[in-house]
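Take a look at the structures listed below.
Okay, so subunit A shows up in both of these, paired with subunit B first and subunit C after.
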Partner chain A sequence: MSTELDQMVDKVIKTDFLIVGGGLAGCMAAIQAKRKNRHMDVTLLEKSSLPVSGSAIGLKDFHIEEPGMIEHPLPDSYTLESARKALFGVDRFKGMVDVKLQYTEMLHWLKPLAIMEDIGIQVREDDGFMKGVQTYRQGTVWGKLAYDENGKPYEPNMVLYRGSDLKAKLSAAVIKEDVRVLERTMIGDIITKDGSAVGATAFNMRTGELILINAKSILIATGRVTRLYPYPYVMYPQNLFYSVGFSGNSGGGVIAALNAGAKIHNMEFIWMYAVSRGSNLSSGSGGAGWFFPIRKSNGELLEHKYPERNMLQHGGNIPPINFMYAPNCKNPEIENDYLTSHMADAEDHEVAAIQFCAATEKPRSLKFHMMAGGVRNIRPIEAVSLCAGLTINGIKRENEYGETSVQNLYAAGDCAGHTAGCRALTWGWIVGDHVADKAKEMEQPTYDSDQLKQIAASKQRIFAPLNRSVNYVVNPLELEDYVRNLNAQFVGVHKIEPRLKYAVNQMRWLKEAAAPAISVKTHHELMRALEVQDIIELSEMHAYTSLMRDESRMPPIHNRDDYPEQDPKWDNKTIVATKVNGEIVYTTENVN
Partner chain B sequence: MSNINQCEFCERPLKGEPVQKTLRGKTHTFCSEFCFRLFFYKTPNMKYENIQKMYAARTVNLVPQDMTKYLTKVED
Partner chain C sequence: MYNLKISYGPVIDRSLCNNCGNCYKYCPQDVFGWDKEKNEPTVNYAGECDMCCFCEVLCPQVAIDVKIPLHNLLDFGIAPVNYKKISDTFEE
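Entry: the complex of A and B
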């Protein structure tokens, strides 16, 4: 058996715990697992370089985004009801997020924070206090303090701290804990045995080395699916790598989980961000919409007209606060106007808030603000343009340990939907803590002929586009550009049945006709070839589930022009995609 | 010449280990990565007092708990 394996792969690694993705969730899982069980062998796969990867990192690199402005909720007073409220208007979220998982998360929220403080991240200010912000009550992380009738500030539910060095210190801690880190290495496929994950294939995008990792447990922490939509204000090809999240996150982990038999849910929901046109996609630029007065074309201040900041037909504040000014498809007054943000009117503390925000998120947001003339730029800029942002879709977790429907396969972070930032840290901690205990009782998996077949098929799939002989060569980046524009034009915000059907058919056609014509010369391009195939599959799921959900829910996240109302029949229901015999099958499941 | 006892950007007295960066052959000292970024991108008007103003307008002071109780004791 080992001879056969040796012929198929370049390297075999046996490990107790394989972590795919070195962002917040992956790093925290690795640290906690090693702290709980220091004899455990932990391997971490990172497609990029560990200190500079993931959605929580900032570096002076155009492709790397979002260092860690992390808000950390305080769990002491939380109940299940708090969990519901924390979902930012649970009525609209019905059926989209499992509240019990949310509650589990809250019970553990302080634990990663303790680790972060332990490794030297400053989570409290010089005066010794943590800085709490009120979020869901006002619908914004950044709003001014709100007070109750007795003049007392409402209880804050998150801590705000300066976390620009978060990822650097986390990755240093991972190395210090003696975790095996494989950088520039991308997951191929998950190997399963009797419904349980037993390993994974991966390839090094610099050397082309195919690695087989035999693992007792696997955590998928590959982050948010960020590359389904283009950012229209940056020219090709940069718009492929210019999004709200870390643009390395193509959804590879989600597709690997899907292929392994895990359930993927909520693919119809892509959060839409409204940002300042001409600026970039960060909270810093979003901040222009948050803090700076936004005026209609007739000069009317929106904040005066909508003091409650409730602009959507379905009601309620939708955080992040920049949602409230989104072209919401329901308010012609907003939709059919030209809105501008007026930075020059901002007060000092508002400017400071934006700079704080930008400096702790993507550093390039600050750079772009500076290039545009500074955050006090006197020229009004168009306030609203739309792009896909955060997601609540991803791998469905089945229990309080973050385990998926495939045994020993876990998901944490934004690839599991709505678990970014502090949530990613928390779920990373939960999974790492659980797996550290479980690994003591587990045997190293063995492979038989079925697993060898899977490995061979994986190898064939991974390397197929390399120097492929085709009549017409499809470039993976051009294909990705095409797919993302298809999503923007035929799915997007204004979803209607005929366009959605076209998008589904087009994606299926691309899988059959375009993907087999991708041919690349280098291993780095091979990564792009695999990514775009994942993006096509994710796009198909996105279009199909959007078609299935014949209602609008929390527009503009899921807005069907032909079904403009929220339909109670969809309350507490989620659309689940699974793969059966190579075909994606869609079903609905009850949540909560 | 800058005062080495304070952050080059926000002028906050240095506490703990400073962040040192070398840019074009010159070493700069900051209190945090946060301040380095603001310095690097030439952000104006962001002294520590600005941050304090922002905190005052937007945040509530919380007395931190002892979080060390949440740390897992490393096994031998």
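Entry: the complex of A and C
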């Protein structure tokens, strides 16, 4: 058996815990697993380079779910009902997230902060206390506190800390904990046995090496899917990779989980950013003041107009701050105006906030400002950037350990939905902690002929586009550009049935008509070829679920122009996609 | 004459580069390649550069300038006539 395997793959690794993706969730899972169980063998797959990969390079905020509630353990008064009503709770997401997961998150939310402090992140101010801010009251106004009518400050809902080196320190800690890190290696397929994940294939984009990892447990932590939509303004020539998030993320982990039998849900909901032209922001920077203050053309400040920073009454949802200023499909007052990121007369604390945020971003953020001669400038805000993830879509988790419907296959971070940023750290911790205990009792999986068949099929799939002989060579980047524009034009924010139907049919057709004609010459290009196939699959799910949900919920995150109202028949219902005999099947399930 | 070619992305100043390999090792998008004969980094996939500028920061020789696309410069209010390479700003 082992000879047969050796002939098929270039390398076989046996490990207790395989982590796919080395972002916040993946790194935190690796660190916590090793700290809890030193003798455990942990392997981390990273498509990029560990210290600089992922959507978050730094992170400067840690949300407190309930304003003021920073106690740990949770007070007895905190119940499922509290979790439901919390700031980012189930009610905010219109019932589309699992309240049990929300509650579990609260049980553990402070633990990654302790690890972060231990590995050298400055989570405290110089006076030894943490800095709390009230973003739900004050938005980006960091220097001041908001007071109630009795002169008492409102409770904070976020801890601010100096986390510009978070990713670098996490990756250093991962290496220090003796985790096996495979860089430039992307996941191929998950190998299953009797409904349980027992390993995965992976391939190195530089050497072309095919690796088989035999694992007791697998965590998918591949982050949000950044590349479903085009960036709203493009360069000459077209650049597919300039984006708000980490543009290496193409949803490979989500598709691998789908192919392994896991449930993918909520794919119709898509996150939306407003972006200021010229800059590039992530929620971290945008949330805390990247392009504030925003003015209307008549000079009116939007935050004065919407002091609660929440445009719920206008159809905008989820307030984490920059999003609700997005030119909302239901707010013509904003849509039909010229909005600017008006930093010319910014106050000092706003300038400080922007510099603070830019330091937690990719180096380009500070570079752009340096070249422009400082942050006090005026830039138009007009575009909408859409990205999957950051909202509630992704791999469905079935229990409080983040396990999916496939046994021993876990999901954490943004690919699992509703768990970006600080909650990616929390969920990474939860999974790492759980797997560390479980690994002691588990046997290393053995493979029989069925698993070998899966490995052979995976190898065939991965290397098929390499030097493929075709009459018309399809360039994977060109195909990706087509798919992303198709999403923008036929799905997007203003969804209507006929356009969605076309998008679904076209995506299905592309799988037959275009994908098999992709031909590439190098292993780097082979990675792009595999990515675009994942993007097509995700796009199909996105379009089909958008078509299925004949209502609008949390617009513009899911906005059907032909069904503008929220429909009670969809309350508490999530659309789940699974793969049965190679076909994606869609069903509805109750969330809570 | 100009044509449709990638006009942005990392540019290596060969007079400064000491072939340490940091850019090749760390680029998140795998834009760089390695010329084994000359033992030096190459820019293989400039079109896949997302302008993150990590290579600039991690280059000990300040030999890399990530050329910013014209769209960004203009939208950001940076006049191309005043454009300075990152290494030039260090000398000042």
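Keep in mind that, in the parts below, the second predicted complex is superposed on the first by the 485 of 592 C-alpha atoms of A that agree within 3 Å, B and C clash if a C-alpha of one lies under 4 Å from a C-alpha of the other, contacts with A are read in each partner's own complex, and residues count from 1 in each chain.
One rule holds for everything that comes next: a residue touches a chain if its C-beta (ideal position, glycine included) is under 8 Å from a C-beta of that chain, and two chains touch if they have at least 3 such contacts.
Just so you know, these numbers come straight off a predicted model, no measurement behind them.
**Q** Considering only the touch criterion stated at the top, classify A:R227 as touching first (subunit B), second (subunit C), both, or neither.
**A** In the superposed model, A:R227 contacts neither subunit B nor subunit C.
**Q** Between subunit B and subunit C, whom does A:D348 touch in the aligned arrangement: first, second, both, or neither?
**A** In the superposition, A:D348 contacts subunit B only.
**Q** So in the superposed three-chain picture, is A:E125 touching just subunit B, just subunit C, both, or none of them (first/second/both/neither)?
**A** After superposing on A, A:E125 lies in contact with subunit B but is clear of subunit C.
**Q** I want to verify the contact counts: of subunit B and subunit C, which reaches more residues of subunit A?
**A** The partner making contact with more of subunit A's residues is B.
**Q** Just checking: does A:S48 make contact with subunit B only, subunit C only, both, or neither of them? Give me first, second, both or neither.
**A** A:S48 contacts subunit C only, not subunit B.
**Q** When the two structures are overlaid on chain A, which partner does A:S247 contact: first (subunit B), second (subunit C), both, or neither?
**A** second
**Q** Now for A:K459: first (subunit B), second (subunit C), both, or neither, which partner does it touch?
**A** neither
**Q** What part of subunit A is shared between its subunit B contacts and its subunit C contacts?
**A** Comparing the two interfaces on subunit A, one with subunit B and one with subunit C, the shared residues are 363, 367, 370.
**Q** Which of the residues in subunit A end up touching subunit C in this complex?
**A** Contacts found on subunit A: 48-49, 51-53, 184, 205-206, 233-237, 239-243, 246-248, 277-280, 362-364, 367-368, 370-372, 377-380, 477, 524, 527-528.
**Q** Over in the complex, which subunit B residues touch subunit A? Could you list them?
**A** 12, 15, 17, 19, 32-34, 36-38, 40-46, 50-51, 53-65, 67-72, 74-75
**Q** In the complex formed with subunit B, which residues of subunit A make contact?
**A** 32, 35-39, 58, 60, 67, 74, 76, 110-111, 113-115, 117-118, 120, 122, 124-134, 142-145, 153, 156, 159-160, 162, 164-165, 168, 348-349, 351-353, 355-356, 359-360, 363, 366-367, 370, 374, 433
**Q** Flag every residue of subunit C that touches subunit A in the complex, lowest number first.
**A** The contact residues of subunit C facing subunit A are 4-8, 25-30, 44-45, 47-54, 56-57, 66, 68-78, 83-84, 86, 89.
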